[in-house]
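Multiple structures are listed underneath, in structure tokens.
Across the two complexes that follow, chain A remains constant while its partner is chain B and subsequently chain C.
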Partner chain A sequence: MELLGIIICGGAALACALLVILSKNTVHSALWMVGNCLALAVLFLFLNSQFIAILQVIVYAGAIMMFIIYAIMMLNQRQGFETDILKGLRSGRFVLLCLFMICLLGLGAGISPMALKGEMGPHAMAKFGEVDLIANYIFVQGIAAFELVSVLLTAAVVGAVFLARKD
Partner chain B sequence: MNDLFFIPIIKMFVIFGVCLFFITYTTWLERKALGHFQLRYGPMRVGYHGLLQPIADGIKNFFKEEVVPDNADRAVFLLAPIISISLAVMLLAVIPFGAPITILGKKVDLYLANPSIGILFILGFATIGSYGTILGGWSSGNKYGYMGGLRASAMIISYELSMAFAVLSIIMVTGSFSLVDMVGAQQHVWNILREPVAFLVFLISGIAELNRTPFDMPEAESELCCGYNIEYSSMKFSLFFLAEYTHLFVFAALVTTLFLGGWHGPILPGVVWFFLKTFTIIFLCIWIRATIPRLRYDKVMKLEWKFLLPVALANVIATGVVMALFG
Partner chain C sequence: MNDYQSVYLALSVILFAVGALGVIVRKDAIVVFLCIEIMLGAVNLAFVVFSRANQSAEGLFMVMCIMAVAGAEAAIGLAIFVLLYRKTGTINIDKFNLLKW
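The block that comes next holds the complex of A and B.
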């Protein structure tokens, strides 16, 4: 039963992801991406992590996709400009993309058994609560990295503002 | 079998039925109250003091012709009202309406679900629901609708932030994301006394998220002649309308749950207290609509980014400091 659900949601996520790059209309692409985020959120639910699932909905499907749709609507007129992504797939960059994906898969295969058995497993979640566990990882053990990332993001924002400035 | 299957289904019908009934009559309340604020009577013809007006409106809308504009994006145009109404109604599932009651010797909780992430569920899916507004405006192929959709997304992006920070301070005080726990924590002191600043920020940004006057940018009649739902007719328009009032109801219920002690109150049963408080908030929203004129678009944005967001952030920090020192 659970496996069936995972297969259906995984399939839906994959189909949505394909439709993101295959739709001609940019707003439709963005909508399929929202669908992809929601399917991923359901996959997180199957992994018993409600908190991550709802964060996926709030942060990605809600906030970030809202930003992207806002930007698309701001830039284009209603119909959006028609792009043919299939043409782009026939270039050398596609090979690079495939290589990147294989590396990502390898990385995933390398760390997943460790992550499942480690302290983030279902037992620890049942014992401490999911939010406590994640908060402990981010704000106690990884506080230095977390703060550095925020500095990096601030720098990125400043850079973006500088680039976008009209002179 | 009974406990797992039949009771939730009965509860679902009762909760959605009762809530949708109240939501339909919120439209009557709004028209009536606005009328009296403006020294008119409001609806008077259908039934006693217009009491059957919402039903008459519903029947009328069912029999109206549906028009889909030629240059509309047909699929998205049809999808937008569905997103709006379904995600709005979904939010009703996690709201705790009252203390557990005993029916025929069985303890029944007066909510459909109590996920450990209840409040985040509402914040998340309320945002997803606002895609309906944005897409409705975008897909109808009308520049007023398009402007309305654009404004709606800008409003959601901005006011979601201060709303989330106001909720965050409540989460810090309660120590839980569950709405039932939040009500439980307010048995003696309501959160409005602990977090008055968060209450004000939540109220203002909530009214802004609902797109109600004074913040009704996406449908400013005098600028956009109705905004995002301009091309919608018949029942599709009604669905948008109903979704808006469902959001109003959920927002009032959320204010009740987070700040006004939920179902807690003396003498009367909990459910009665819950609906009394909820309708007080709804009446407050109508009152504000009748009193304050619409703000200019740039002032709405300034209010959020230069006032509400810093205040909400400072409130979270102050809550943290107080909790660290005295908690």
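The block that comes next holds the complex of A and C.
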């Protein structure tokens, strides 16, 4: 039963990703990307990560996609550019990409599987992904990275305002 | 307790490949940006799967950092697109070949 749900949501995510690439209209691409984000959020729920699923919906499907729709509106792009997918597949870049992916998969296959640690009982599984565990990690071990992320976001906002100012 | 980990990881690899393919075949800068977001989503999925396998919150913290980086990237990247559009009147990435050899 769980496998069926995973396959349905994964298929939806994959179909949305393909439609992002294949649709001619840029706005349609952005809307299919929202579908991809929502399907991934459901997969995160299947993985017992409720907090990450909610963040995925709020941050990706809400904030970032709103940014992108807004940028499309500013650029007034009704129609995307002509895409010749077959020509793209015959280019040298595609060969490089295939080589890169094959090397990556080989690297992954070469690494010996890591030993699983932590308790894997049903109780631990149910507690995994709850917000208190994540908060404990963030504010104890990850506090430096957390503060650096806030600096990064502030720098990004200042940079965006600087770039978009009137000359 | 395996919990279909290989299914999730296969989905993650395929989504990453689809995103990389889109970066190569599309010329529209905004669609290329969306494809980068697809790749980030695929990596998020892999992080959550491994984090659950290890029963540790490190992977979830990495996912949150990736989301923050994606937000910063969206803000800066879209500001750059608007700037390029104002200067050149197009966002076709084949037209920006000044640094290409």
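A few points about this structure:
In this section, the second predicted complex is superposed on the first by the 113 of 167 C-alpha atoms of A that agree within 3 Å, B and C clash if a C-alpha of one lies under 4 Å from a C-alpha of the other, contacts with A are read in each partner's own complex, and residues count from 1 in each chain.
Going forward, a residue touches a chain if its C-beta (ideal position, glycine included) is under 8 Å from a C-beta of that chain, and two chains touch if they have at least 3 such contacts.
These numbers were taken from a predicted model, which means no experiment stands behind them.
When chain B and chain C are set side by side, the one touching more residues of chain A is C.
Touch criterion met: A:A63 reaches chain B and chain C at once. By the document's definition of touching, both partners, chain B and chain C, reach A:M74. Legend: residue contacts after superposition of the two complexes on their common chain; A:V34 is shown touching chain B, with no touch to chain C. Using the contact criterion defined above for the overlaid structures, shared-chain residue A:I54 touches chain B, although it does not reach chain C.
Once both structures are placed on chain A, chain A residues 51, 55, 63, 67, 70, 74, 129 are touched by chain B and, in the other complex, by chain C.
Residues 2-3, 6-7, 10, 13-14, 17-18, 20-21, 26, 29-30, 33, 36-37, 40, 43-44, 47-49, 51-52, 55-56, 59-60, 63-64, 67-68, 70-72, 74-75, 77, 80-83, 85, 88-89, 91, 93-94, 97, 101, 105, 114, 116-120, 124-125, 128-129, 133-134, 136-138, 142, 145, 149, 152-153, 155-157, 159-160, 163-164 of chain A are the ones that touch chain C when the two sit in their complex.
The residues of chain B lying in touch with chain A in their complex are 73, 76, 115-117, 120-121, 123-125, 127-128, 130-131, 134-135, 138, 141, 146, 149-150, 153-154, 156-157, 160, 177. Of all the residues in chain A, the ones that touch chain B in their complex are 25, 27-28, 31, 34, 38, 50-51, 54-55, 57-58, 61-63, 66-67, 69-70, 73-74, 78, 129-131.
Within the complex formed with chain A, the residues of chain C that make contact are 1, 4, 7-8, 11, 13-15, 17-22, 24-28, 30-31, 33-35, 37-38, 41, 44-45, 48-49, 51-58, 60-61, 63-65, 67-76, 78-83, 85, 91-92.
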